[in-house]
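In order of appearance the chains are A, B and C, and numbering begins at 1 in each one.
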Amino acid sequence: MLKERFDHLRADGALVHNITNYVTVNDVANVLLACGGSPIMADDIDDAPEITAICGGLAINIGTLNKNTIPSMFAAGKKANELGHKVLLDPVGAGASTIRTQTAYKLMDEIHFDAIRGNISEIKTLATGEGTTKGVDADVADAVTEETLEQTIEFAKAFAAKTGSIIAITGAIDLVADESKCYVIRNGRPEMGLITGTGCQLSALMCAFLVANPEEPLEAAAAAVCAMGLAGEIAYARLEEGDGNATYRNKIIDAIYNMDGAQLEEGAKYEIR
Amino acid sequence: MLKERFDHLRADGALVHNITNYVTVNDVANVLLACGGSPIMADDIDDAPEITAICGGLAINIGTLNKNTIPSMFAAGKKANELGHKVLLDPVGAGASTIRTQTAYKLMDEIHFDAIRGNISEIKTLATGEGTTKGVDADVADAVTEETLEQTIEFAKAFAAKTGSIIAITGAIDLVADESKCYVIRNGRPEMGLITGTGCQLSALMCAFLVANPEEPLEAAAAAVCAMGLAGEIAYARLEEGDGNATYRNKIIDAIYNMDGAQLEEGAKYEIR
Amino acid sequence: MLKERFDHLRADGALVHNITNYVTVNDVANVLLACGGSPIMADDIDDAPEITAICGGLAINIGTLNKNTIPSMFAAGKKANELGHKVLLDPVGAGASTIRTQTAYKLMDEIHFDAIRGNISEIKTLATGEGTTKGVDADVADAVTEETLEQTIEFAKAFAAKTGSIIAITGAIDLVADESKCYVIRNGRPEMGLITGTGCQLSALMCAFLVANPEEPLEAAAAAVCAMGLAGEIAYARLEEGDGNATYRNKIIDAIYNMDGAQLEEGAKYEIR
């Protein structure tokens, strides 16, 4: 039941350490507060492992990675693994440049991730080295459609089996898979793609859900995806004439702020395959 | 009279150099513009001291400190001291990691701060080494309540006497103290704690008030705290059904934008002890 | 016709690489999405040139330059020049510190910019070494007024001739000039100056317009300036009592999101001199 996943997060909170990009970091912090979690950002090598140690989860996002923050990602990731904390990877722009792709590979080699969330191009790059990317957005050629759904589900399950991570591929249709089960989620609005950082926000949110639901990681990850998509629907319905992507961004975070487990349960649109 | 403190800021402006975290920096810049001040951000060692020299005040915030920006904090702080500019410290997360705590201590050793603003856990850490922190938020065990108010006032005055700085401890009840006088402020809303960066914004605002009111620093610092809390009340009253922390964030800055000295005077809730 | 300039951008998109400051970067990303473009941010020396290679344009903004990002600006700029991509410079705070001024000079020496956009103080600094700055805002003494308009147009044309760049000087009156022609634009609202980053947003928007209109660069740059100013007018008309600069910021991006070529054509206020 997705309801319990959100209820646990609201009840227990979740302190999430984010090593993330500076583009969307403010929205990431606010969405974590909105969902009942707490954010902390620390990306210096002398700060990150110690901050990780006091948190319940770590979300690594390579959106503006650099030579100072990359070592911090490894150090914090290893510390989090040692302590049994939840760790999530958002491989922003993997496939768009060598350093992004190589860093994502190396992170996956040296750190166990409880979940990896990206668009289809990024996840394909990690799994096969063959994704294409249009900057940080998924290539249209890669899109998950009704036609490619079956094979993408198999792909997600296989990659989950190989990595031991929950694999979340988000786009028009969202998939959240472990090796044997895949949530196919149809919440959300296409206009969310015209806001910077909805993916980054979802990754942080997913990390918070994982922290608060250690026994049910797959359902927790799926609940986060449903919550974000549902927030996009609720916020869209609240837009007024003349509103655009900036106001929509705020209203999505507002919708998370006002959401509870019962609303999530009722609004979630998914099937399990 | 708090009115004059805001009137001076509106009349004279205040150019504030911020070496601050990348999480909340945009809101910090907008709140400075909202109050009648002007922001400038510069954190490279080759840039920061020169930028400080053309400003009236410097706000140092260690929220995402790193090995490049820490030396800039020292260099800019010393330059600001030399020039007699106002300098404020926001020790974000002091107590949460060694580098944050040690950097805050060392900054206090080498730089004179006109004001230090933090939550009770951070300020206790600076004063006694004994604060506990829940990431960047105050620990509940540390909270300033009616029961602990008297002793916290004494603590704030003693720490102000020791440092020669105005000490601002903000939370459910806010305290702004010098060695002999303490403003006890009851403006604000608990929901402000669910927005990232209201503390960072307040620190920048306080620095602007200090710059514009060099003769009345304690009252200026208290006026900033009242203004931020009052803005939280005004903004809260303007929220509509379905609004959450993202919209609330914007409306708080909007409330500062529309506030004047007379409104502050009328809405401020404080006593002096 | 400005209409075609925006129509082309909406039809073709424009992937813009931004090496920019962390203060206003989120708004920059959202305004690029709002106008039909796509943003990507990358500022590490190992990432920036490769990211530039997959984009159509590069916008360099020195607002929070540092010793890690400065070499990336040069490397990405040279790569973009090699590939014939559009490159824009926003010399934030040139004149306010030596490193800002010197970096801007050196960038102009080593990289060809299709356009340079700044306030009058910044552009004067680049052209003559004699601008004065009030932090990152233009000095009042430098303001472009009806009295100084004629000579400022000549100045802009001369600087455009010298640099081979389109020169955009924005303020109360905006000028967009090449060596022989100058758009004098009277869109916009003074209240836009009380929002952080409207200049940064405009620079990114201008880069997107240039990418989508390679044959008509001057008109494309002017169209971006008109669009931003018109968005400021539309958003201002949508403000409600109690709204301030934070809400205004969102509504400006919203107005770009909802704008099309026909609306731009109708609302643009300019003459060509």
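As a convention for this text, a contact is a pair of C-beta atoms (placed from the backbone, for glycine too) under 8 Å apart; a residue touches a chain by one contact, two chains touch by 3 or more.
Just so it is clear, the structure is predicted and the values come from calculations on it, not from any experiment.
Asks: Which chains sit in contact with both members of the pair subunit A and subunit B?
Replies: Touches both subunit A and subunit B: C.
Asks: Interface check for copies subunit A and subunit C. Shared numbers divided by all numbers used: above half gives same, below half gives different; which is it?
Replies: Interface between subunit A and subunit C is built from largely different residues.
Asks: Roughly how far is subunit A from subunit C, going centre to centre by Cα mean, in whole Å?
Replies: One centre to the other, that is 33 Å.
Asks: For subunit C, what residues touch not just one other chain but two or more?
Replies: Those would be 22, 26-27, 68, 249-250.
Asks: Of all residues in subunit B, which touch subunit C in the complex?
Replies: 15, 22, 25-27, 29-30, 33-34, 38-47, 50-51, 54-55, 68, 234, 238, 249-258
Asks: Per the contact definition, I'd like the list of subunit B residues that touch subunit A in the complex.
Replies: Interface residues on subunit B, with respect to subunit A: 21-24, 26-27, 63-68, 93, 96-100, 133-137, 194-197, 242-247, 249-250.
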